[in-house]
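In what comes next, chain A is part of two complexes: it sits with chain B in the first one and with chain C in the second one.
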Partner chain A sequence: MSSPSDSEPAGAPTGVIHDLGYRPYGGPRLGERAVARAFFVTGLRNTYGLGRSGRSKVLPFILLGVMLLPALILVGVLVQARNILGLNEQIVAYSTYPLTTQLLISVFVASQAPALISRDLRFRTITLYLARPMRRTTYVLVRLASLTVATFLLIGAPLLLMYVGGLLADLPVGRETGRFLGAIVGAALLAACLSGLAALVAALTVRRGLAVAAVIVVLLVSYTVVATIQGISGDAGRPAVGEVAGLFSPYTLVNGVQVFLFDSPAATNTPPSSDAMGLVYLLAVVLTVGGAIGGLLARYRTVHP
Partner chain B sequence: MISRTIVRLGVRSVFGRWRGALLFVLPLVLIAVSVLVRVLVGENETGAQHTLQGLGLVVIVPLVALLATSGLLAPEIDDGSVSYLLAKPISRYTIVMSKLVVAAVCVVVFAAVPLFIAGLVMLTSSPSLAVGFGVGSVAGGLAYCALFALLSVMSRHAVVIGLIYLLIWEGLLGGLLDGVRWLSITRWSEAVIGELADLELVEDLPVTYAVIATAVVLVLGTWLTGQRLRAFNLTGDE
Partner chain C sequence: MGVIETAGLTKSYPRVTALDHLDVTVGDGVTGLVGANGAGKSTLIKILLGLVPATSGTASVLGYDVATEGAEIRALVGYMPEHDCLPADVSASDLVVHLGQMSGLPYAAARERASDVLRHVGLAEERYRPMGGYSTGMKQRAKLAQALVHDPRLVLLDEPTNGLDPSSRDDMLALVRRIGSEFGIAVLVTSHLLGELERMSDHVVVLDSGRLLRSSATTDFLHATGSLLVEVQGRPDADRLLGQALVDAGLVARPAEGRMIEVEVRDDATPDVVRDLTVDLGLGLVRMQERHHRIEDVFRDGGAGSVQPV
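After this line comes the complex of A and B, so read on.
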C-alpha cells in the first residue's frame, strides 16, 4: 500500500476541495433591523405561549382572562344599573384598576420574564442569537421591548374594555377619553418599570424557578412594605414619610405619577401632594427604567457567546 | 430517621448562589420596617399588629418557606442528580424528613425569630404579641414547607404553582371570601396567634381546629412526599 505522496510528483496540489454542486444561499441578506424585528415578534408571541407548547399557553391566557373579568363585571353593572345607582363615572377609576389587580400582573411578569430571559442563558441559546448580525445591546433592548409590550397589553386590555363600556353607557365622551388616555400612559410606564425590574432579576439567575420566586419577592415585598408604611404614616399624620415610601414600589410610584400628571384619583393613602414631590416621582420612574436597562447591559457585557 | 449527610447537602443547596441572599433580605426588610413603624407611631398595638400580620405572616413566612423548600428538592430533580440520592439505600421518608428539617430551621431562623424580634421592637411593653406571632409563624411555616415539598415532587413548575396558590388563594380570595379560612394555612396560624396573644385576628375559627388542621397538613404533606418519592419516575416533561 502506498501513500498518495509517493505516487504524485512533488509540488502538485495535495488536496482538492470538491465542488459537490450544493447551492449556496443567493437571496438578499437582511440586516440587523430585520433580525431585531423578527426577534421582537417572536418574543412577544412567546410571552403569551404562542409558538410554544400548549402547556405554556395556559397561564398567560388564564391571567389575561382573570384580568378582564372584573372589568367586564364593572362594565355590566355600569350599563345595567347606571340609572338605578345614579352613576356618572366609572365605578373603579382607570388609574386604580392596575393596583387592584396587581397580584395578577406580578404573576404574569414573574412567570414570563424568566421564560424570555433565563432560558436563553441557561440553555446557551444566547450563543446562537449573538452569532447573528445582532449586537448585545439590540438583544437586550428587544427582549425588554417584547416583555414590556406584553405586560402593557395585559394592563391595557381591561382599561380598553372599561372605556368602551363607559362610552356605550353614555358617559361624557371627552372626559372619559382624557382619563382613559392618562391611564394608558400610566399603563405603559407601569409595564416599563415592572418589565425592567423583572428582566434584571431574571438575568441574574439561570434557574427558572428561582427567577420566578425572586421577581415575586421583589414586587410583592416592596409593595407590601410600602403599603404598610403608607397606611401607618397616613394614620400618624406624617404623610411625607408615606410619600417618600411610595417611590419604592412600581405600583405606588406609577399611581403617584398619574395623580401628578393627570390629576387621577389617588389609589394610595399618601399620593404626592406637592409639585416637587410629583417631579421626584417622575424622576424615579425614569431612573427605574434607565437603571434596569443599564443593569441589563452591564450584565450582558460579561456573557460570552 | 434523619440523615446528617443529607441535611448538610441540603444546607449547601439552600444557601448556594442567590437563594441565600434572598433569605437574608426578607427578615432584614421586616425588622427595618418595624423600626420605622416604632419611630413613626411609637408603641401602637394596632400598627404593630397590622405590620406583623400583613407583612410578616401573610408575605414573609410563606415566601421564606417557599424559597427554602424549593431550594431543597426541585433543583436536584431539575438537573437529574436526584437519581444519585435515590440510588442510595436510604429510606425515602428519611430523605424527605432530612430535607424538611433544613426547611424548618430556615423558617425558624429567617421567619419566626425575625417576627418575634419585630414584635418586640414595635411593642416592647407587652411581649405576648411577639411570642404569639413567633409561635404562630413556626406552625404556619412548617405546614407551608410540607405543602411546597409535596408540590415540588409532583410538578416541575412547583414554584409557579406554589406562588399562584399563595397569591390567589391565600392572598386574594382569603381576603375576599370568609369561607376560605377553613382551608387556609395563614388563617390557621392567625387563629393560633389569636389564642396566644389574646387577640381576634380571624373570626369564628376554633383554635383546636386550626392546630389539628396545621398538624394534618404537616404530617400528610411529609408522608405523601415520601410516598411520591418511593415511586419516583425520572421522566422529563416539555
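After this line comes the complex of A and C, so read on.
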C-alpha cells in the first residue's frame, strides 16, 4: 500500500488551495432543545453587543460598569473602614440597590429590548427564523429569556460584588447569605417584570428609536409617579395609598415582594404592611410577567412570514 | 416520487383565491416557477414551508405532509425570501453561522458550513462586515448562503435575481444552475422573467391566477418548431426573391421578423433545397437556423386568463 504522499510527484507545489467543490453535510442535526439553547445564548450575547457591531457593545458595557461602580465603592468603604465607622451590615441594603440604580437599569432594558425584539421585525429577519424548524412560541419565549437573563446579570452583578465584599469584611456569613439570596430572587423577579414589559412595548413598536423612547417613558414615568405618591402618602400618614401605588412600578412592586417574602429592608416609604397586601404584590408580579408573555404571543401570532 | 407534490391545493383569502386546485409535481434539478405578480407563487412557497395553511387540498414536500409535518420540512428545506431580511448590524458570516445553528447544526459544523457556502456564493472578505453596508448583489448572495447553510435537500428561491445588475444576474443564474446540478440540491425558483428561467431551469411550471397553466421540461418549451429561419443578402429584395423561389419549388415559406424567411421543413433535403436556390439566385446565405419556441409563447398561445392545463 502506498501512502497518499507517494502518489504525488516529487516537488509538487505545497500550500495550494484546492476547490473541493460542494461538500454535503453528513453530521448530526440537533433537536429542538439544542436549537433553542443556541438561540438563547446568541440572544444573550447580542444583548451585550457581542456578535454585533463594535458600536453596539459600548452602551451595555458602560451601563454594566456604572452599575458596578457604586457597589465597588461601597465594598471598598466597608472593607477598609468597617471598624472605624462601626459598621455591622451592608451600607446600602441589597434590596435597595436596584432602586438606587433604577435609571441605569431602565436605560439598559430600554436600549436592549428593541435591539433584540424590534430588530427581527424591522429587518424582517423573523422570516428566516420562521422558515426554520423552531416554533413561533419557542422563538418568543427564548427571546424573552435572553433579555431577562441579560437584565438579571446587570442587576445581580453588583449584588454579588457587595456579597463577596461583605464576606471579606467579616460580616456574619449566614445572615449575609440569606439576605443575598433574597436579593437575587428579587433581581430575577425584577428582571422578568422589566424584560416582559420592555419586550412587549418593543414588539409593538417596529421603529427602534420609538421603541427605546416608549420603554423609557413606561419605566421611568411609572417609577417617578409611584415614588412621588409613596413619598406624599407616607408623609401625610396615609400609607395605604402608597401601598396601592407601589403596585404600578416594577421597581417598587418587586421591592415590596422582597419585603413581604424575605423581610428585606424596605426601600420605599410605604412597603406592603399586611400579608394580604403582600400577596397582592406577589400576584401583581405574576400577572405582569404572565400578561407580558401572553401579549407577546398574541402579537407574534399576527406576524406573517 | 416528486420532491414536491400538490393535489387540488387551494388557498382562498377573503377577497382573492391565491391558488385554485393546483396539481403540480416538482422533481430533482432546477424547476422554474413563473407567473405574473399575484399569480400565487409566493403563496405556494409559504404553503410548502408549512407557514400558511392551505384552504383545501394536500401538498407534500420530500414526502412530508405540509399540514402536519412543517417542522420536518423546514429542517430539510432552505428558503430565500424575496424581500429584504438581513439585520444591518450583523456580519454575513455571523448571521449565516447563527442560522445554521437554528437549523440544527452544532456550532463547529455551522461555522464550517457557513464558511463553505459563503465561498460558494462568492462573498469574500466582505462577509465580516455588517450587512447594512452591502450592495443589493451582496445581500442577495448572503440571503442565498443562509438558505444553503444547513445542506438542505430542497431550496425555495423567491425571485433571487431581483434588483441585480446584469453581471450579478448572470452570476446568480449560474449559481442557481450549479446548486441544482453540481450541489445535487433540488431547486424551486420563482421569477417573472422568462428568459432567466430558460437559462437556469430544467423544468418550468407556469402559474396563472393561481392555476396551473403548464408544467413541462424547459426543452419542451424550447423545442424546435419544425421550421427554418433563413437570412439572405445580395440584393435589396433578396428575401422576396428567395421566398418566391421556395414557394415555386413547392415549399411552404413566409416572411419572418426582420428580413428573414421562415421555411417549413418537409424532409431532410429541405436545407439543401434552400441552399441550392440561394446559389442559383446569386444571393449570399447569411444564416439558416432551426426556429425554437420561447417560454413567452405559452402565454401568447394560452393567453392570460384562458387556462389550458397541459
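Methods note: the second predicted complex is superposed on the first by the 280 of 305 C-alpha atoms of A that agree within 3 Å, B and C clash if a C-alpha of one lies under 4 Å from a C-alpha of the other, contacts with A are read in each partner's own complex, and residues count from 1 in each chain.
The rule is simple: a residue touches a chain if its C-beta (ideal position, glycine included) is under 8 Å from a C-beta of that chain, and two chains touch if they have at least 3 such contacts.
Small disclaimer: the values here were computed from a predicted structure and weren't measured.
Three-chain overlay on chain A, with chain B and chain C fitting side by side and no clash.
Residue contacts after overlaying the shared chain place A:L204 against chain B, while chain C stays out of touching range.
Of the two partner chains placed by superposition, A:S95 touches none, neither chain B nor chain C. When both complexes are overlaid on chain A, the residue A:T228 reaches chain B alone and has no touch with chain C. Of the two partner chains, neither chain B nor chain C is touched by A:S249.
Of the two partner chains, chain B is the only one that A:S111 touches; chain C does not reach it.
Look at A:L59: by the touch rule set out above, it reaches chain B but stays clear of chain C. When both complexes are overlaid on chain A, the residue A:L220 reaches chain B alone and has no touch with chain C. Looking at the shared chain after the overlay, A:T42 reaches chain C, while chain B stays out of its contact range.
Fitting both structures onto chain A leaves chain B and chain C with a minimum C-alpha separation of 5 Å. Taken together, the two structures place residues 53, 55 of chain A in contact with chain B in one case and with chain C in the other. The touching residues of chain B, counted against chain A in their complex, run 17-19, 22, 25-26, 29, 33, 36-37, 40-41, 47, 50-51, 54-55, 58-60, 63, 66-67, 70-71, 74-75, 78, 157-160, 163-164, 167-168, 171-172, 237-238. Partner chain C is touched in their complex by these residues of chain A: 21-25, 27-31, 34-35, 38-39, 42, 51-53, 55-56, 119-120, 123-125, 127-135, 305. Interface residues of chain C, counted against chain A in their complex, comprise 46, 49, 51-52, 71-72, 74-75, 77, 79, 81, 83-90, 94, 98-99, 101-107, 109, 113, 116, 120, 130, 146, 150-151, 178, 182-184.
Residues of chain A that touch chain B in their complex: 53, 55, 59, 103, 106-107, 110-111, 204-205, 207, 209-210, 212-214, 216-217, 220-221, 224-225, 227-229, 231-233, 235-236, 238, 241.
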